[in-house]
């Protein structure tokens, strides 16, 4: 039995609250159980230097954790003087995932930054971030559309993400921290509204896993991201 | 008339919500109008090296702003690779202010870190931080007392802070961003529950001010911090 | 047809040259076609602080590229003052991959660092690094065994890695740079000698991919890593 | 009695020596007793990016201490790789103070940097820096005027600064290090030649202080800065 | 007798292998015995900002050591976050030395960067780097000439470098690490094909040396660099 | 004729003023004409980690320039976040030079840091620093001796340094900035009281130089350092 008493294919309670801060063009407070992430989408009329003059825009992401988002206090990266490897890895993943469903030409020569700040962490902060970032991005694009800044559709599909793992021999969906720290295998899946795969990252620090296990995790992820996409649709209405 | 239509001696709507995150020993979401700061108090059984073995504890603070707490996105300090001068100044002020009412010997050889993270900024983030930090600290100390980690009283008094300024010739209480950016003189006051001064920082970037004006600002601040201390007492019940 | 005229399931010319530098306890110059990586294994009788006194050792990796390993010169990270996000991501992957087949208790309280320095880059530097790192690590462990520093077996299996992708609609094995920069989907697989999965990282920057496509890439990867493990066995004789 | 045997309202021996280095457009070696600060004013025909094209100039300050300005050697900030919080706080205060009496439009689109380097520190380095910076700035402006670079008056008033504190129950003027390290309350005042307040920073790390005490310190400061302004006038003749 | 059994005026086995990497405009793998350095010459159509628009080009150098080039592993500078003092000193020396024989006006407004990366270190890495850099630079210039990018001769002479020292009382040529770590005096000479001096750096950490000894070291250096220039000529054919 | 109208073998006006700051164990304000350097010697009862427990002490140096020591303002290294290559090179040279005449065993397990801060720069800051550092160090050792911290002699000889160069075809002694920026060849010599060489660094950015020229520069340097040692003896009396 899972520590949270959930069924193997059961998500944690998920909520996607839009419009939570007053300045951002789009925002979403996403909760996967006790994992809470505040995502803002910031539109800027500038581009990274290497992209200038190509008729395309850019979507990027930054990720951070408040120092006491975790059980014991984590050192503030601004004070340490650099972002750690885990932070860099996660923010690259978020940016890449969102870009996969965005028509950068239709966006025009602008940049949208998705800031994902973890208020409270209980496992799955990167998957919650991606799922919430889609909502913030969609709101930002709606804001732009209402100002006639864009005309053609920019978002091609939904994107949602979830982690799966093998916990005490059983494949389970949406690992919380108690499961994650004990799981043999941990895989993050980013999937579209149509059920296609945008990113899969599966890791075995202990025992390597088989193709069959990978497929079981993928089936759980398809179910979970399907449910998350439904929630995005409800939140966006 | 003030942009917010408040009376000159009127605070913004203030709320102090305790226990807002699950891991911290104490926490407070403080709102001064549209300025929202999440404060956590983290207890650690360690000390800065220069304080070891002296039979005393330490209170320190760190301050940060989420990138989109502001009207236009501010660069993330973790990504810039260092904390800016304003951040450093503010976090030193918060730490100093709280230490002024703490009996460090009664605290014992431990450190409490007050992390003040600005979710949304509309002027007065440092004064809101100090006012909320007192609540988070008080809860952290209550948590310690309930575990018999401390016996003698550690907190000697309340601490609250407010900014005052001369806006279009009139001394006003609790400046919001619209006033702050236009005010001639801006002063932050940190005061105790007994109405004594812990810190006063008055600055005139435009016209210098007189002793009389300083006293008028101080009178407003005494009134404002008195009201904030009342709210702390209500929050802490 | 592939730019290199290889069959879809054909590796580039691979060579694994052992003992290429005189000081390291183990070393391997690995070539996947025009991708050349020098890997050294350095044994140190010290551990990261968080691992001390637990009766276990540690395997870690660092990754770097010589500035002119690439078609145009890349800025030296030592001069830029920090390792980029891509570097951090890759070195974490290498370390994690190798640790998955190492018995850290049998290793004892020591650290082995695998330095992977890319002399020339033509796609697949991370997979070449992992494949070569296994050889360097095996030699380092043999060196330790010959000095009676370890007794029980430390390495539980082989590890090899390869990238696969969908190039112009066809799944192909071991992408070189010309293919990589054009491929729709790019997936890196780290697999054991027994054909189990240690790590899978599949990414679609353009079009998302299906479960069926993932399985085709996995089949190619199993074939490729099987061949690489054979070459490791020949190199290690 | 004060350690230095001074009367409570007595400044240390103050000297303001102009023209002490050959390259700077203005310079002043300021001594408050054993506190010695070398201030240079450097004129540059460039502006911070955020100020360009607004028809205004800028005054900024930087502060540093030679490593052995202090009783025990302090680590060189250039070697530590960053300026500490105290340094940042002080240089922001110096810049702000001088700007309060400068007509930035009359200055034109140029920047003057006031470098304050502490040769020897015995308390009050920031107040000595501000007082000496006024002299260096005035000389720099005279240099510009003699070259017809400016026409309208740029400096509107004098600026001088002094610290006051409550030492063993008595308010005293111009704390030296022996007093500063023991004082209950420490306040720095920056005042104009007309006796108005530009900046007040009062801090109680031990016991909070009353309005009455603040007024007593302010009275001392007015007396002290009045005397310092007299000395500036004599130095500038 | 020298540890390597060489005669006092005998170089180690030297090899200069050209064209060792596929992308660089010029490259050379230089070996002085067990000291192996990979040098690449990278041509870029850009200049440092302070040199723009002056009708001249620039030659610069960067130096690095692979972490396990040394007997015990050296920390990677990219990971330490900065280049050490020794690195900076050496790369400045290499750049200066090569510039001394280059006609920067004939080069045109372009920069050539000489990256010297030490694969294996056994003393004399800076002298090997300079000697090999000349070959890489010459090949880069030949590459440019074959594309009609330059017309007038750019290289005015050969440059080669060697270290000499007083080992157990005897002046010897081309110190290896075993000699270097024990030598009283260590001097590096950079000389032209005509036998003139471009740079001399002689250091006595133990006993100071006399003019006579300096002249003996210089005589050895002239012999050694003469031989190295011969080898450069053979390599370049 | 030299810009300063000095004879080719004439030093600038040199002064060595001892005891110029109140806290340091030794100090010297050294002037070579308009080049002014403040040197302090700081004794600390601690050692760099790699030297602990070997029964020897250490002498090290740090070098800095005040921002307006130069004709145009130079950026403060503390603000830039790192020491430049030139700074690092110079401080390594100063430390090495002084160590060459110190008996580190007789010094005992302590470190003396020589801070050389350039107040005004007109060429030759490194040679002035070395010459002044010897005086500060001698005073620091006298201070230690008077407290019976050392018994055996620690200083074995004098050390002084001077630059020489070929200016418009003529070898000249003690280059000032006007000469230095135009000289063909620039060489710094560090020599002992007995006329032996501790360090020689000769550089030709334009035309390489001959053995004969090197000897002429060396002869000038011997004369110049002889005179500087005389001045050290007079200063130290």
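Which chain is which? They are A, B, C, D, E and F, in the order written, and residues in each are numbered from 1.
Everything below uses one rule, namely that a contact is a pair of C-beta atoms (placed from the backbone, for glycine too) under 8 Å apart; a residue touches a chain by one contact, two chains touch by 3 or more.
Quantities reported herein were computed from a predicted structural model and do not represent experimental measurements.
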Key: Required minimum of steps from subunit D to subunit F, each step between chains that touch   = 1
Remark   = A correct list of chains touching both subunit B and subunit D reads none
Query = Which whole number of Å gives the spacing of the CA centres of subunit C and subunit E?
reply = 33
Averaged-CA centre spacing for the pair subunit F and subunit E, given as whole angstrom = 28
Ask   = Between subunit B and subunit C, what is the gap in Å from one C-alpha centre to the other?
value = 51
Query = Distance-wise, how many Å sit between the C-alpha centres of subunit C and subunit D, to the nearest whole number?
reply = 59
Note = Within subunit F, the set of residues that touch 2 or more other chains is 81-82
Query = So that we know how the chains sit together, what is the shape of their touch graph: line, ring, star, complete or other?
reply = ring
Request  = Could you list all chains around the ring, opening with subunit E and heading toward subunit F first?
outcome  = E, F, D, B, A, C
Request  = Flag every residue of subunit E that touches subunit F in the complex, lowest number first.
outcome  = 82, 85, 88-89, 91-92, 96, 99-100, 157, 187, 191-192, 194, 196-211, 214-215, 218
Note = Seen from subunit F, its contact residues with subunit D in the complex are 21-24, 27, 34, 38, 40, 42, 44, 62, 64, 66-73, 76-83, 87, 113, 115, 117, 119-120
